[in-house]
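In the two assemblies presented below, chain A is common to both, partnered first by chain B and then by chain C.
Up next is the complex of A and B:
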């Protein structure tokens, strides 16, 4: 049973059938899935959800599929960690980490969007999955396609480091490196998507794909005891996640699962690629593209974000704001999160926590209000960013005396057995 | 064939009639679907209709003039 009504243009409102379409023929605006909320109200309750298995499909009536999910059945329901040590370090009352660094199966939030995209793609008759990606999305498409028995094509810039593609190659799909500037590679991928009838998850399947991000928001609300946080800080690359988290909160409110949405939504970017933050800070609606992103947070380095305009709007209208951080601040916050909460986030997590810290220090986020910081990927994937930035291990010879000397040099007393 | 692109004009090209020149120099039909122009930036959502080689040449002409030419989906390498 599907509760999808239609695809609808976000600009002019024209409706389209629920097919593999993504752009309005009339105004070129992006298409988004519209639902029949009255019908959903009749079947979905908080109690129904709570009885279901702990994965993101517990909210399936609010996701764009006709039948049961067929890809990524175990994805989602990642921990929402009440981060008391971090709260103490930052001098705030209540802070949580929504930790998609441990999302299944490829350790990033992309597994949410990809499993929705491929479940829908199969319903629409597609046999081949594809994407253009330099990291998390590539890993997720390759892995989820393999598990679903689908063929996959992943397109990458030819100069991408070998270490970055192992986590994609291992799943056995076809990986194609394309020579050229970023814009040339980007244009070619769009042409391939137009020419070959494949399920390009973030192109022709994008309206369905993007909806998967809503589950990140549903889970936060449920894990807070069906409450919305007062503040949420979200990393932004293309800008889709931040808009979908806000959409998720609004949907839960429409269904009566939570009260009115008063959450202030904050966006985070790296200083070396801040097209959306720049627009928010300058108070303009125009997103000026960044032609040469320069940041260690590669997973956020999107110079001309597709949802930039809509993300800026969400921040403005919710009473939130945006902030950006330097590479040094990113690393500092990655270390703080690891040292206080035992969570090793990828560089994007450092961007989000670093921006949250600035927003707290500047008073944009009140120290007395609840805060959720969104971690969307795993630090094991971006270890090179920390090279030379953390203390190396101390090396000694295999002699007890050398260890004793080391302890003594540390200046701290430890009890020893006689 | 038809091709949909997003053009971002740099500040110094905002006043130039580049799409007129595209229509004059190449065998393509240009059809503007959305546009936003300020003194700092020009954004145009454009449909190009013509033979693939002519469309390629038209795009190269715009790139050479400093215009950022992207698919209508903008950055798709995530």
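Up next is the complex of A and C:
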């Protein structure tokens, strides 16, 4: 049973059939999935959701597929960690990490969008999955396509982190490295999508794909005991996730699962690629593309963000704001999160926490209010960024005396047995 | 003056299949009015009811987005070229 009504243009409202379409043919606006919320209200309650298995499909009525999911049945329901050590370090009352660094199967939030995109693509009859990616999406499309028995073509900038390349190649699909920026990869993929007719998850399947991000927001609300946080800080590349988290909160409110949405939504970008933050800070609706992104947060290095306008709007209208951080600040925050909470986030996580810290320090986020920081990917995938930034292990021979000397040199006293 | 205007695939139905047409005007707004006269219906596709450029339509003057110049009032000179480009690349629709 599907509660998906149609595709609808976000700009002019023109409706389209639920096919592999993503651009309004009248005004060129992006298409979005529209649902029949009244019917959903009749079947979905908090109790129904709570009885279901702990994965993102517990909210399936709010996701754009006609039947049951066929790809990524185990994805989602990652931990929401109450980060008390971090709270102490930052001098705030209540802070949480939504930790998609441990999302299944490829350790990033992209498994959410890909499982929706490929489940829908199969319903529409596609046999070949494809994407343009800064890395995490590449991993996820390759893995989920392999598990679903689909052929895959993944297009990435050729200078990606080695781990993200290996973590795509291993699944056996075709990986094409393009000499250029993500934006150039994406432009090429639009042409390939038009010519070859494959299911490009972030292009012609985008209206369905993007909806998967809503589950990140549903889970936060449910894990907070069906409450919304007062503040949320979200990393932005193309700007889709931040808009979908806000949409998720609004939908839960429409369904009566939470009260009115008063969450202030904050966006985070790297200083070397901040087209959306720049627009927010300058108070303009115009997103000026960044031609040559330059940051260690490669997963966020999208110079021409597809949802830039809408993400700036969400920040503005929710009473939030945006902030950006340098490479040094990114690494500093990756280390802080690891040392206080035992969570190894990728560079994008450093961007998000680093921006949150600046927003707290500047008073944009109140120290007395609840804060959720969104970690969307795993630090094991971006280890190169830490090369030379953390102390190497101390090497000794396998002799007790050498260890004793080491302890002595460290200057701290430990109790020993006689 | 006469300016060359590149037409994207989805709008070529209106220009009888041409991917490049000529139009006359001193600024981008006048070019759009002139295009509308020659190809009725074209203006509605790229402009809102109040005449403003639609949000997901970009017009480039010699590779620079007119939104970062003087928008529809951006003045034109001899040998300038305009390209109309949907912000989101579509299929062949």
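Everything below uses one rule, namely that the second predicted complex is superposed on the first by the 400 of 418 C-alpha atoms of A that agree within 3 Å, B and C clash if a C-alpha of one lies under 4 Å from a C-alpha of the other, contacts with A are read in each partner's own complex, and residues count from 1 in each chain.
As a convention for this text, contacts are C-beta pairs under 8 Å (C-beta built on N, C-alpha and C of every residue); 3 or more make two chains touch, one makes a residue touch a chain.
Values in this document were obtained by computation on a predicted structure and should not be read as measured data.
Once the two complexes are overlaid through chain A, chain B and chain C clash, as defined at the top of the document. By the touch criterion stated above, A:19 is placed in contact with neither chain B nor chain C. When the shared chain is aligned, no partner comes close enough to touch A:404: not chain B, not chain C. Once the two complexes are overlaid on the shared chain, A:339 sits clear of chain B and of chain C alike.
Once the two complexes are overlaid on the shared chain, A:202 sits against chain B while remaining clear of chain C.
In the superposition on chain A, contact is made by A:182 with chain B only, not with chain C.
By the touch criterion stated above, A:317 is placed in contact with neither chain B nor chain C. When the two structures are aligned on the shared chain, A:306 is found in touch with chain B and with chain C. Contact with both chain B and chain C is seen for A:288 once the two complexes are overlaid on the shared chain. Residue overlap on chain A between its contacts with chain B in one complex and with chain C in the other: 11, 22-23, 26-29, 187, 190-191, 193, 203, 286, 288, 306. Here chain A touches chain B in the complex through residues 11, 22-23, 26-29, 110, 131-137, 155-157, 182-183, 185-187, 189-191, 193, 200, 202-203, 206, 237-238, 286, 288-289, 291, 302-306, going by the rule given at the top.
Contact residues of chain B toward chain A in the complex are 4, 6, 8, 33-34, 36, 38, 40-41, 43, 45, 47, 59, 63, 68-78. Residues 11, 21-30, 187, 190-191, 193-194, 203-204, 286, 288, 306, 309 of chain A are the ones touching chain C in the complex. Note for the complex: chain C touches chain A at residues 10, 45, 54-57, 67-68, 86-93.
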